[in-house]
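Sending over a structure as structure tokens; questions will come in a sec.
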Amino acid sequence: MVRDITLGQFMPGTSVIHKLQARTKIVLLITLIVFIFLCKNFISLLLITLFSLSVIMMTRISFFKYLKSLRVILFIIIITGLFNLFYGSGDVLWQWWQLTITTGGVYNALFVIVRIALLMMVSAVLTYTTSPTDLTDGLERLMKPLTIFHVKVHEIAMMMTIALRFIPVLLEETDKIMNAQKARGADMESGGIIKRVKALIPVLIPLFVSSFRRASDLAMAMECRCYNGGSGRTKLKVSRFGLADLFAAVISLSIFAGVIILNILFPAVL
Amino acid sequence: MSVIRAENISFVYSPGTAFEKTALDDVSFEIEEGEFVGIIGHTGSGKSTLVQLVNGLLRPTKGRIFLEDKDIWEKPKKIRNVRFRVGMVFQYPEYQLFEETVYKDISFGPRNMGLEEEEIDKRVRKAAAFTGLRDELLNVSPFDLSGGEKRRAAIAGVIAMDPDVLILDEPTAGLDPLGREVLLSQINDYHKIRKNTVMLVSHSMEDIASIADRILVMAKGRKYMLDSTANVFSNGDELEKLGLRVPQITKIMMMLRKNGMNVDPAVLTIDQGFNEILKCLSGK
Amino acid sequence: MKDFIRIENLYFQYEASEEDENRSYALNGVDLSIGRGEFVAVLGHNGCGKSTLAKHINSIYLPTTGDVTVNGINTKDDDRLFEIRKTVGLVLQNPDNQIVAGIVEEDVAFGCENIGVEQKEIRKRVDSALKAVDMYDYRLHSPDKLSGGQKQRIAIAGIIAMEPECIVLDEPTAMLDPQGRDEVMKTIIRLNKEMGITMILITHFMEEAVLADRVIVMDSGKVLTDGTPREVFSQVELLKKHRLSVPQASLKSF
């Protein structure tokens, strides 16, 4: 059923990682991902893997949940892994018909799998430990400098907030409308692609109509509460950088520096 | 012969996940052909789940439902035929309107049934007449109708399938008193003329009291009782313990009785109440 | 102090989207005066103009002719728009469509944030508003999982946090179940009695109108009758003529 889809997998908690500023987490996450892809040998890859895993441990969320985040892309991991396995140069390890596995291929495959898996899991650290509102707020503040280029940062953030708020509402509504049409004999489960697309019309039109109605209601409600864009607004929660954020930044930066040094000290395998 | 029979049905939402929730727990009942059954219960008592199970939109986790002695899930591929025979009007049904004209929207169900054009036309006009939609409204866009007209057009869309059992989930929600009264009397007239079985879910005890033969009371996913309307409402104290009300007039009778007046508390309409009080006063 | 809200000779016509010769007026000459601290119910069936009237009180709609003044400020005075909206809050029918944020307390803070209340003060106001509607324990919840009655109380808290003198509620219980209706009505009465907030309740439920200090009945864009619930509901014949029903229990009593 549609209503089973859960959006934003935020898991409330009190860990050090939970308490970090959303801005800190976003910036460090992006840098971490860049460095995951900058690792050129197994030693630097090992360093960044250990670092990522310790961050994951620090969130005090069961590791199983992180493995679950991989499930969605398991297929992609396997395919790219296999593809890389058979694609590469170096000593031939195994050969059959057109397929050859080389040492280079094995290295490639290992790197790709570890990188994609790490990428997913550290991204999950951000979404698991940061509430959607904190996340939007963090993005809004990070993008603030863009206002000088006339980017409507506040408006974008407000749109994200409203979207996050209304996605579950609209999913539930979709479910209701689908049931109502099914009760009138609408057949949405069989037939070819064209028939199925056509079968969606009785669901999509009422959904659009109701979304517009909701939008106009919401606009009125916001007006009633004196909404006037971003200027002169204050915030219930003003987050300030704390010591924890500083520590997080220092530790991460030293790890990143370590990666660069290890990349220079040891020969690249790729 | 009972038209609907439920045997020990249970329903669990999202089984095996963190959101697992038992909505219905081992419910059995029988509904006779031509009955008008009211269904009452708190929000979350399982009454909406129950009616969706009866028309095959949900499949019971456990137990079986029979439509005229045939298990409705015997051939899952044919479940659509069950939905045609057990018509379901959801809460706020006007949100399902989508066609260019009211006529086309009402004909959506009959057309899905694969009927002949002539038969469809007959049914659309009949359904529109039952719900009091004037002929000239059939050719306008459903989105141009007033709130009450939209509601009636949506109900007509289900009636046009000519179901043997008609289920209505809170059909009067959000209407003003006049709109409620008119719609209820239309449903009642339809029931009397068509002689089919109607199941009406409602929060309004006054509505149910004035119209239902029997009442099914649901509480916490279980059947609390299924009995004649008079019997159910004469258990006023029990209903109030479940957080349900009784009709205002029944409540007055209960209070009069508590204060020593010898009236029958099983009074459902104002006229009955009026006569009952007169009888009691003149008797003294 | 009868003149907290004054409505004089108010006519209102919706702007027609197409050529429409004889458009009717949604409001047809309304004169009303509402005092500070009153609890007024405006009753009437759909299309009688009661919702349109509600939206005039905080400047969502402006009169076609006539005037609405709140606390001495004319609602047409564009420069003082926010002052009016800070004085008069509006709660709408559908609880889902007026909650902006994904966390209860952040939604309650929304109005305060808009009018630039200082952070510490917002915290204080949000907490006391949530306590006033008895939803403090839910402050960190997502509104999705709440019942209709709870959502509507959150919407009311969001208005209270702006510290208005008056709240207009436009059929706030129409989409709720009896329990939710009860919760919301109790909240309205309590806020009126304890905090002295003027309440204007638009409704078509007679059972709710009875709870107010004063009932105004509208029909075809006009005020039909105005008085205490006892005065209004004893006019059974007048109400019947205008096809309004009275609470079941009063039908035979007069």
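We call the chains A, B and C, going by the order they appear; numbering starts again at 1 in every chain.
Keep this in mind: a residue touches a chain if its C-beta (ideal position, glycine included) is under 8 Å from a C-beta of that chain, and two chains touch if they have at least 3 such contacts.
From a predicted model like this one, the values you see are computed outputs, not experimental measurements.
Peer 1: What chain pair shows the greatest number of contacts?
Peer 2: A-C
Peer 1: Among all other chains, pick the one whose mean CA position is farthest from the mean CA position of chain C.
Peer 2: Following the centroid criterion, the farthest chain would be A.
Peer 1: Using CA atom averages as chain centres, what separation in Å is found between chain A and chain B?
Peer 2: So the centroids are 45 Å from each other.
Peer 1: Using CA atom averages as chain centres, what separation in Å is found between chain B and chain C?
Peer 2: 32
Peer 1: Can you pull out the residues of chain C that are in contact with at least two other chains?
Peer 2: Residue numbers touching two or more other chains: none in chain C.
Peer 1: Going by the contact rule at the top, pick out the chain C residues touching chain A in the complex.
Peer 2: The contact residues of chain C facing chain A are 58, 60, 82, 85-86, 89-90, 92, 94, 96-103, 105-106, 109-119, 122-123, 126, 140, 143-144, 155, 158-159, 162.
Peer 1: Applying the document's contact rule, which stretches of chain A touch chain B when the two form their complex?
Peer 2: Chain A residues touching chain B: 1, 4, 173, 176-177, 179-187, 201-202, 205-206, 209-210.
Peer 1: Touching chain B in the complex: which residues of chain C?
Peer 2: 45-47, 147, 174-175, 177-180, 204, 206, 243-245, 247-249, 251-252
Peer 1: Okay, in this complex, where on chain A does chain C touch?
Peer 2: 12, 131-133, 161-162, 164-165, 168-169, 213-214, 217-218, 220-228, 232-238
Peer 1: Which residues, counting only chain B, touch chain C once they are in their complex?
Peer 2: My answer: residues 42-43, 146-148, 173-179, 181, 203, 206, 243, 245, 247-249, 252, 270, 273-274.
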